[in-house]
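Paired with chain B in one complex and with chain C in the other, chain A is shared by the two complexes that follow.
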Partner chain A sequence: MNVLDVTDLSIDFPTARGVVHALADLSFSVARGRRLGIIGESGSGKTTTALAVMRMLASPGFVSGGSIRLGDQDVLTLPEDRMRRTRLRRVSYIPQGAMNSLNPVMRVEDQLKDAIVAHEGRTERDALRTRLADAFAGVGLPEHAGSLYPHELSGGMKQRVCIALGVILNPDLVIADEPTSALDVVTQRQVMQTLKDVQERIGAALILIGHDMGLMAQTVDELVVLKDGVLVEHGDTRRVIEKPHHPYTRELVASVPLVGGESFLGTSAAAQEITRSRKDLALLEFENVQKDYAGITALHPMSFSLSGDEPRIISIVGQSGSGKSTMGSIMLGFNPPSTGRVLFEGRDIARMSPQQSRVFRKNVQAVFQDPYACFNPFYRVDHALGFPFRRFGYATSDAQVQDRMYEACQAVGLDPDLILRRYPHELSGGQRQRLIVARALMLNPKLLIADEPVSMVDASLRATILKNIYDLKDSHGISIFYITHDLATAYHVSDYVMVLYKGQVVEAGPPKEVIGDPQHPYTQLLIASIPWPDPDREWGGTTTAAEDIAALDAMDHDAPTVFRGDVPGFTLDVGK
Partner chain B sequence: MRRFESPWMNPKLFCGAGLLLAIVALGIIGRLFWNLDLAYTGAAPLKLPPVGFENLRGQEGAWTYPIGTDGSGRDLLALIVIGAPNSLFVGLLASLIGMSLGIFLGFSAGFIGGRTDDIIRVLSDVMITIPPLLILVVVQSAWGDVSLTMMALLIAGFVWQSPTRLIRAQVLSMKQSGYVQMARLSGASTMHIMFREMLPNLVPYLFGSFIANVTTSIVTAVGLEVLGLGPQRIPTLGRTIYEAINAGALIQNLWWWWGIPTLLLGLMFIGLLLINLGLDEVSNPRLRKLQ
Partner chain C sequence: MGRIPRSYLLNRVVTLLITVWIAATLIWIIPRLSPVDPADIMLGRMAAGAGAVENADQILAQLRENFGLNDPLVVQYVKYIRNVVTFDFGLSTATFPTQVSTLIARALPWTVGLMLLSVIITFFIGNALGALMAWDRSPKLVRVAIPVAMVFTSIPPILSGLLLMWLLAAKLRWFPLTGAYGLTVEPGWTWGFVQSVIHHGFLPALSIVIVTFGFWALGMRGLMITVQGEDYVTLAKAKGLRPRYILYRYMIRNAILPQITAFALKIGLLVAGQVLVERIFAYNGMGKLLYDAILDQDFPVIQGVSFVIILMTAVSVFLVDLVYPFVDPRIRHDGVET
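Let's look at the complex of A and B:
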């Protein structure tokens, strides 16, 4: 007996510019105890499908055809009050960014109680208490967690509270919409394990919505691939990943960067030997730089020196809160270090004359994480490219600025006629991020800080954008600090990798050693926690995620940094 | 595909602006074609009704005084032609000064931060709790006669707080935004960041806040006038209502005396409200209805 049958489902969104078909003729079904994954890029209709099943489609979207059956009930014709009782009891939805959907002014146990009381009426106090205790234990949370407020819990714990809430009434179907999108790999593995355990225990069906092929391979039995609201492939996960029929699926599978294996960068044009810096001075130096925020050390003292002799890509990897973004903003001079100095070509960036400061700005540029925020919505995108170009005195005439913008766009694979003169909201995230790379290219800095440049871009575009960035080094001689949580991409693009944990460098060296054969337990854990797009490969080895996290907490924080070798032009020293 | 469909083409915005322009036009056209000397005391027969009506004495309205006259022989049309633009002028001027102050203080507080921010924030929070009418009544009764400009200045002292808070909040959040960081990376000066990157994005909020302030200012000004304060020698809508109430126009059923200025004020507020609603839709696309 299927828990959910979706037949020929179509969803339309009427807009001022005509009707958008968000979903066209989608059919699939899920049986009890099975796990189905829906994978696709942003805008492919995955969340829309889930919301339609919950009958929570946002206006003006509406179901224009097809049917949704939940067991023996027709969801689309159910009266509203019965639909309300169906939600959570028979089908529950764990929304995207669920950790932000908890009510910040209520204790989490009260939010769970609300759910029980709303569906089952007044319940005995003791019975309620045991059920809550069971629910928290079921997702691996300590009992006292219930009496806390959401802001007192970590992201992973909040996510597990949301899972507890989703399954507290033992529904037939649980829909989890990108349940781990904001979590780092270690926590992601723990949350996914929790979700799988709970789902198996209550015997419900699970629909997992996501964009990560690796996560899907490790979690679901069956896979639905959506593209622009159309189902392009549906089948057994193993079959879809090993023998994808549709070219789009093939592209999705291929776009997952792997540690080891073939580089997704392809063969690059022969690297040109470009030396643009003064030989005698290091391009960028940290001298015992430390950063504290309100008594907490975000970055422990470290020194490094990057010479400008030859362009290098240095990766800084770590979980959220490891201090990697702090390092980036210190390098950009946005955030002064608490102690120590940052030197650019031998000069302290905190003590520069306006003239020197301009030279520093000109030569140290950045690509940020969020391509949506990087453009001022008031101006056409040309402003972001042309303004710094003029400001730094590169411009000789308007025509020249125009020419350079055209060239830069073409260099990152964008059609300038389609992109320039547009407003930012008319472009996709991927196009915007490539424009930011094009901007860096136009300014031709000596150093580029790339802070998670692809984490908010669709998977199929990540490789292209990383390739664009990689080309900056090869063909323009720009050194790059690549800040990321994604070890697989760091493995491929970088010359040197630093692994940060709680503000300390735990392991550093060339990527083949550090990521290919990690020695430090933290690096080993990070790499074991990557979900591989290979159903045969065990996720995380023999230990459970909870054990790993416990081991991590018990880890000796004063253990010395494991140095795994050097590359010429970069020296790292960790002060004590 | 209509790509250039501007959100500013908003029917509410247009109706509202139309109403206000009509009041301004009344002032301009009236000055050209109507004898304004009729606004002096005793220039016309007393208490004449509008055309087509009869007053308690049985006198009929005459076309020489189309909307009637007041208790001291002033032509109401002349009073309105002079008074309506005056009320609007006080509102606009007070709001303009208040906004300028608010923009300046809000940017200073949000951008400089620290002690400056503390002082400005506390000051505006305290000021927001003080009822303006209370202070203005005291000030004006001590002052005696004031000019329109002076009254606008006094009111402006009470309408800068909310734009200050609004702009400060926006500046604080924008300061962290990606495009401001990008601008800093591009070597932009503080002035450039404030006025070229941030301010354009604030325009819809500023307009909305401005219109809300005009409304508040007019209400305050009319409130003072109806209490008999404010300019004594210049006809305003509020003063006309004050005189009507004082002369017992309500009991004598001289409805046109207080009714017509009130109607005009009502239209003015409806116009401002429509503009505000329209601006809300401009700055918040979710409120826009689908065609």
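Let's look at the complex of A and C:
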């Protein structure tokens, strides 16, 4: 018996420029206990499909054809109140963005209680308490978590709350829409394991929506590949990954960067002759830098020196909370270290004159995680690109500004004629992220701090954008600090890798050694947590994610850093 | 959360005191920058009343002595601060020799009664209507009618007040034209008096409500639209909650937060906010007191009223600071957003 039958489903969005067909003639079914993946880029119609099943399509979208049946119920013709009762009880939805899925002004337990009460009416208090305790225990949350407010929980914990909520009424079908998109690899593996366990326990069907082929390979039995609202491939996960019929599927499979696999970078752009003024001075140095927040050490004392003789890419990897973003903001001078000094070309960045500070700002540029929050929505792209250039006094004429903007756009693979006169909201996340790189490039910096530059863009675009950034090293002579939790990309782009765990460097060295053959248990855990697009490869080995983390917590945190070899031009000293 | 930490409370109280002190000082400095001599004005008033004043110079000197204007500035300032602490703003020059504090004490209850009530009513009506304007399940009629009603927001209160007076008081004779209570009733805690006060207060209150509810409604509408797009509202729907419950507990509950801060600032302004409304309805409140004092250049009264306005604003902001963390758990009592 199928839990869900979608037949010839079409969804249209009437817009001012005509009707957009968000989904055309989509058909698939899921049976109890099965796991189905829907994969595609943003805009491919995967979330639209999920919302249609919930009958929660945002206006003005509407179902223009086909049918959706949840068991014996016809979703499209059900009266409104019956549909409301169907949600959560028969089909539950775990939305994207665990960060904001919970009401910030309500305690977590109240947000589970109100769901139970809405479906079952007044429930006895003790029975309710037992059920909540069971629900929290079922997703591995401590019992007191219920009395907390959402902002007091970590991202992974919030997502578990959403899973607990999704299964609290034992639905027939759970739809999880990119449930781990905002989480780091280790937490992702933990959360996905929880989701699978819970789903198996209640015997429900699961639809997993996502864009990561590796995650799909490790989770689902059956895959639906969507492109522009059209189903291009449908079949057993193993078959789809091993013998993809459609070229788009092949592209999706190939776009996943693999540790040790073939480099996605291809041949680099022709190297330019770069003239460097002060070859003798280190470009960036940390001198015993330490950072404490309210008595907690976010970054333990560390020193490093990056030489300016040749451009290099240094990767800083670790989970959220490992201190890697703190390092980035210290380098940018946004966040002064608690002790120690940061030197740029031999000068303490905390003691620069306004003039020197301007030169520093120009020379050290940043690319951040969220491409949506980085543009002022009021200005066109050409203003956003040209403004810093003019402000730093590089503009000699409008024509020259124009030329530089064209160059910068082309360097990151964007067509300037299509891009420059548009507003940020008219561009995709991938285009925006490339523009941020272009904007940094306009100023001809010496150093680029890239903090998770691709974690919010589609998997298929990640490789392209990373290649753009990577090419800057040789074509423009820019050194880069690449801060990420994605070890596969760090493996390919970097000259040197530092693995950060709870504010300490646990392993460091060239990527082939550190990532290709990790020695420290934490590095090993990070690598084991990468979901491989290969159904035969066990995700995380034999131990569960929770066991791995417990083992790590029990470890001696004063163990010395594992150094895996040196790279010319970069020295690291963690003072132990 | 839970109880308010003592350090936080202390911090807020000190901030409150400093704000009030700076305000009191400014109120003292500003009139001293003015070229107008209060003793001159009083004399002028006497002259206007009596035709001519004998011994003008002597009286002038005497007045200056009485007002303490001959003391060095520092002495004047210290005396002033000492007086302010005891709410002693000296004597009114226009209704000499009445104490300013007596005038304020007489006017304040009327204003606080009328204005506080109408501001609170406006806050609730405005926010409720704003929420309904944005809610996708509101009846069509509601969503069309409210924006039309908001035309009143663009009318100056004095005009809408006159319009209401003409229609409801002069034409229909439902309400009295002016005053705070009937001339025939004796002030006191009698039913007849309370009835008369409510009857008289209705029109001014109504004119304030219809003019200012749009401020809250428009703000709330914008906030609601933002909240409507939040993931937690999507999840609330997916949970199968009843639409009305989602409206109250998920949408309004979150959208109202910035409005509460705005409300604290409005409370302070309400004393002076509707000067003209009190004026046209001849309502003997703080607004009318201030209006008359400005016309008469009655500095002590202006100072006193200004001080009360600042005090009320500072106190209401202080109260909101204390209450806010209970309304929004993300704000902690140490003032740090988590």
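Everything that follows uses one rule, which is that the second predicted complex is superposed on the first by the 524 of 576 C-alpha atoms of A that agree within 3 Å, B and C clash if a C-alpha of one lies under 4 Å from a C-alpha of the other, contacts with A are read in each partner's own complex, and residues count from 1 in each chain.
Methods note: contacts are C-beta pairs under 8 Å (C-beta built on N, C-alpha and C of every residue); 3 or more make two chains touch, one makes a residue touch a chain.
All values derive from a computational prediction rather than experimental measurement.
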Message = Applying the document's definition of touch, where does A:365 land relative to chain B and chain C: first, second, both, or neither?
response = first
Message = Quick one: is A:162 in contact with chain B, with chain C, with both, or with neither? Answer first, second, both or neither.
response = second
Task = Quick one: classify A:106 as touching chain B (first), chain C (second), both or neither.
result = second
Message = Applying the document's definition of touch, where does A:1 land relative to chain B and chain C: first, second, both, or neither?
response = neither
Task = Have a look at where A:149 lands relative to chain B and chain C in the superposition and call it first, second, both or neither.
result = second
Query = Is A:114 contacted by the first partner chain B, the second partner chain C, both or neither?
reply = second
Key: Contacts of A:399 with chain B and chain C, given as first, second, both or neither   = neither
Ask   = Which of the two partners, first being chain B and second being chain C, lies in contact with A:89: first, second, both, or neither?
value = second
Request  = Using the touch definition up top, name the residues of chain A that touch chain B in the complex.
outcome  = 14-18, 60, 332, 334, 358, 361-362, 365-366, 368, 370, 372-379, 384, 387-388, 391-392, 436
Message = Give the list of chain B residues in touch with chain A in this complex.
response = 1-2, 5, 177-179, 181-188, 197, 200-201, 288, 290-291
Inquiry  = Can you tell me which positions in chain A touch chain C when the two form their complex?
reply    = 54, 56, 59, 84-89, 92-93, 95-97, 99-106, 114-115, 118-119, 149, 151-152, 162, 165
Parts of chain C lying in touch with chain A, wherever the complex brings them together = 136, 230-232, 234-243, 245, 249-250, 253-254, 257, 327-330, 338
